[in-house]
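Each of the two complexes below includes subunit A, the first together with subunit B, the second together with subunit C.
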Partner chain A sequence: MRPFLLEGGSVSQMPVAEGKNVQQTVELLTRKLEMLGAEKQGTFCVDCETYHTAASTLGSQGQAGKLMYVMHNSEYPLSCFALFENGPCLVADTNFDVLMVKLKGFFQSAKASKIETRGTRYQYCDFLVKVGTVTMGPSARGISVEVEYGPCVVASDCWSLLLEFLQSFLGSHTPGAPTVFGNRHDAVYSPADTMVQYMELFNKIRKQQQVPVAGIR
Partner chain B sequence: MEAPPVTMMPVTGGTINMMEYLLQGSVLDHSLESLIHRLRGLCDNMEPETFLDHEMVFLLKGQQASPFVLRARRSMDRAGAPWHLRYLGQPEMGDKNRHALVRNCVDIATSENLTDFLMEMGFRMDHEFVARGHLFRKGIMKIVVYKIFRILTPGNTDNTEALSLSYLVELSVVAPAGQDVVSDDMRNFAEQLKPLVHLEKIDPKRLM
Partner chain C sequence: MADVLSVGVNLEAFAQAISAIQALRSSVSRVFDCLKDGMRNKETLEGREKAFIAHFQDNLHSVNRDLNELERLSNLVGKPSENHPLHNSGLLSLDPVQDKTPLYSQLLQAYKWSNKLQYHAGLASGLLNQQSLKRSANQMGVSAKRRPKAQPTTLVLPPQYVDDVISRIDRMFPEMSIHLSRPNGTSAMLLVTLGKVLKVIVVMRSLFIDRTIVKGYNENVHTEDGKLDIWSKSNYQVFQKVTDHATTALLHYQLPQMPDVVVRSFMTWLRSYMKLFQAPCQRCGKFLQDGLPPTWRDFRTLEAFHDTCRQ
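What follows is the complex of A and B.
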């Protein structure tokens, strides 16, 4: 079991250093990690596609078009995650992508809404750190930092440990506890909790750039 | 611990365009034993497998003429097994040279919050039933013999009643599109089950 993860950081929490661009700031961060003694272990990618209820179905359902997010994470290569904001997160196999093609008449992917983060995985003892560049289309929009503590499966049991570790390389940009832990302190952490945090981070980054939320045309 | 394999490629995928080839038939309750006996002899040598499933059929209505149908199935006798979400396309009878009914299908294993998620997507439950029966395999062919139970109080799978005095028998293969040859193997196998059961290519439109 290695599902503990905290993922914080975004443009505001991990601001681009003065006189540097996103890429240079990522390099700064990863250099700090390497100086700590963290070892490079391959790469990672998390992507997210936004779907909205096709206009044709709105009238008959009488409800506002909700946004649905379909996400993938290279850490779980055989899974597909489907989420609603503040709603359930479905964990499915990748045939769910095929189903979304069949559902084209009901759910359409919002134009140019695909957002993803890619970067390097670092292992530091029991911690797994992933620093990624968040991109939407061709432009880099921000930085994501994910930290996972392997030996523990209950978030509240190791939150202070994570916080301390984060401070060692994020300094004053260390984020507060993710809202996903808010109301269930003893719950066993699952991959879906990671994806909810990525979804929230992506949405925040989209909004910070003053880009209207995809899907509302 | 070894690092898991990672890739820079975005993970998207699934198996596109799978088709289900299907033959159906039924036997009366009193003939069940002899059919099971025959199947045990003909099928792959495996431990006899039984199943007890709860299936819910969900509809999503749009402005299109026909609603979008999805089937959610969960095992009632195997705790912790993933839920099964299934999409089935329009059945095609095809010509005489193809010996089975063919329909597009997408099979997805999911987490157990599937019904909540479908509701969130706008699906509504249309009907539900319980299926109890036996499962056999021969190569890539799957043979299920099962009885359908009506659920008397919605959502309560303990309160059921058999729909009929017979068992449904289905012979199916899921294969990539265009593999019509599998229907020949299916017909040959169906021949070996005669006269215990007559498996046929049944046009669902005829029953409506």
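What follows is the complex of A and C.
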């Protein structure tokens, strides 16, 4: 498995998006994919909920509560992922959600923190492309593009190849290599690597929320 | 043509022999009839057995008699002349209805044709042998002299020898690991793992490679019962393509007298897929064409090309 996420999660970064909204840009992207010969293969969804350490468990003043992200990916319907920023990624059964309810005393769900991306899966040769609309609450916040090249298990081995593929439908708006490509040089790619990238993308989009971006409602 | 074939056959004896054959056939069937019918109802068990045995004996005697008669006659019949170039098929020329069944002339044509074919094939094989294996031609020029001359029975090499050749190749390439197993008797099967790029199942017959399947590093190469799965193909188009090319390579690297050189050349070629996802095409300079990386590797230079970019 070899996914990675496009950095350009925000509409304003898409070249064609001037004067267009998220929905129109997603349509433009998918149309380009279809023209390339990619075929629709169902839908996908990745969601993420933020938890922070409950105030009661915090020690001395000033110690910031650590954030934990609990995520799901329709690609791995039986798993639940728990991540810390720059920290470990725990892969658990979906029962983990029930456990989180029990741990209410230690981890509290941040209010209205749920962020998710939904969209269509496209198959082109051995590539799997997922273009999703990132939403927080009722509003669309940006676009996620995930590209997976199944045959290759080492991320850094196929970066140039992926980049060329991305250019074929994103034009010049291709991202820099995700950090996951840099560290662990020849490590075999795992689903957790994808989730870390989604977490980073979601965090970026959350921060943008504070700065209103023109064109996004 | 027909006059050449003066059939030195006693026709009278022929007719008699044919009826002798008929007699023999009917006496043989009588034996089986008798066995099939079994013992007839007689008053005593002893009587029944006696009658059956006597009947059976009679039948066997008549078989014996008819057989002797046939043997006697067959000596009288004499042999058909054997000096005809096409032996018995020459008798076809006696067929009076040439126009309707031109079998004989067709036969002669086919015969001539196959003679010619054999002759030309012989010439071609001589010429091709001088060319020898392309890539290892140089090293072979040296080693061929040291090497024991062509073993004709390369199909019955001892398993130990095969093991040695394979383990030597395994040591030659550190990024390639070869696991040899013999699940079906003496024929070896290899599972070749190339870095973290791909896996290859190689089915051997002695030191000849019969079949090869290329799959992804993360794909399953075993069946449910834990045996190597030599039938199912890869789920990925790129490895299906590489499988096709590997099969082509098997046909390219041919040197019946030195199968170990062939296996080594094939593995050397296979190793060039180490950079399957990292090497751009040597002709168009791109990574992708129709969604596939350069899957072809030149047999001589090992350079990467797209399937459609190779010469």
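Points to keep in mind about this one:
Everything that follows uses one rule, which is that the second predicted complex is superposed on the first by the 190 of 217 C-alpha atoms of A that agree within 3 Å, B and C clash if a C-alpha of one lies under 4 Å from a C-alpha of the other, contacts with A are read in each partner's own complex, and residues count from 1 in each chain.
Note that contacts are C-beta pairs under 8 Å (C-beta built on N, C-alpha and C of every residue); 3 or more make two chains touch, one makes a residue touch a chain.
A quick note: this is a predicted structure, and the numbers were derived from the prediction, not measured.
Once chain A of one complex is fitted onto chain A of the other, the partner contacts of A:Phe165 are limited to subunit C, with no touch recorded for subunit B. Residue contacts after overlaying the shared chain place A:Gln41 against subunit B, while subunit C stays out of touching range. Among subunit B and subunit C, the chain that touches a larger number of residues in subunit A is B. Using the contact criterion defined above for the overlaid structures, shared-chain residue A:Leu67 touches neither subunit B nor subunit C, since it reaches no partner.
By the touch criterion stated above, A:Glu116 is placed in contact with subunit B alone, subunit C being left untouched. In the superposition on chain A, A:Val22 contacts neither subunit B nor subunit C. Shared contact residues of subunit A with subunit B and subunit C: none. The residues of subunit A lying in touch with subunit C in their complex are 1, 37, 124-127, 149-154, 157-158, 160-161, 164-165, 168, 186, 188.
Within the complex formed with subunit B, the residues of subunit A that make contact are 41-45, 47, 53-54, 56-57, 59-61, 63, 66, 68, 72-75, 77, 80, 82, 84, 87-99, 101-103, 105-107, 116, 118, 121, 123, 192. Across the complex, subunit A is touched by residues 3-16, 60-64, 68, 85, 87, 89, 106-111, 113-114, 116-117, 120-122 of subunit B.
Partner subunit A is touched in their complex by these residues of subunit C: 196-197, 216-218, 235-239, 277-278, 280, 286-288, 290-293.
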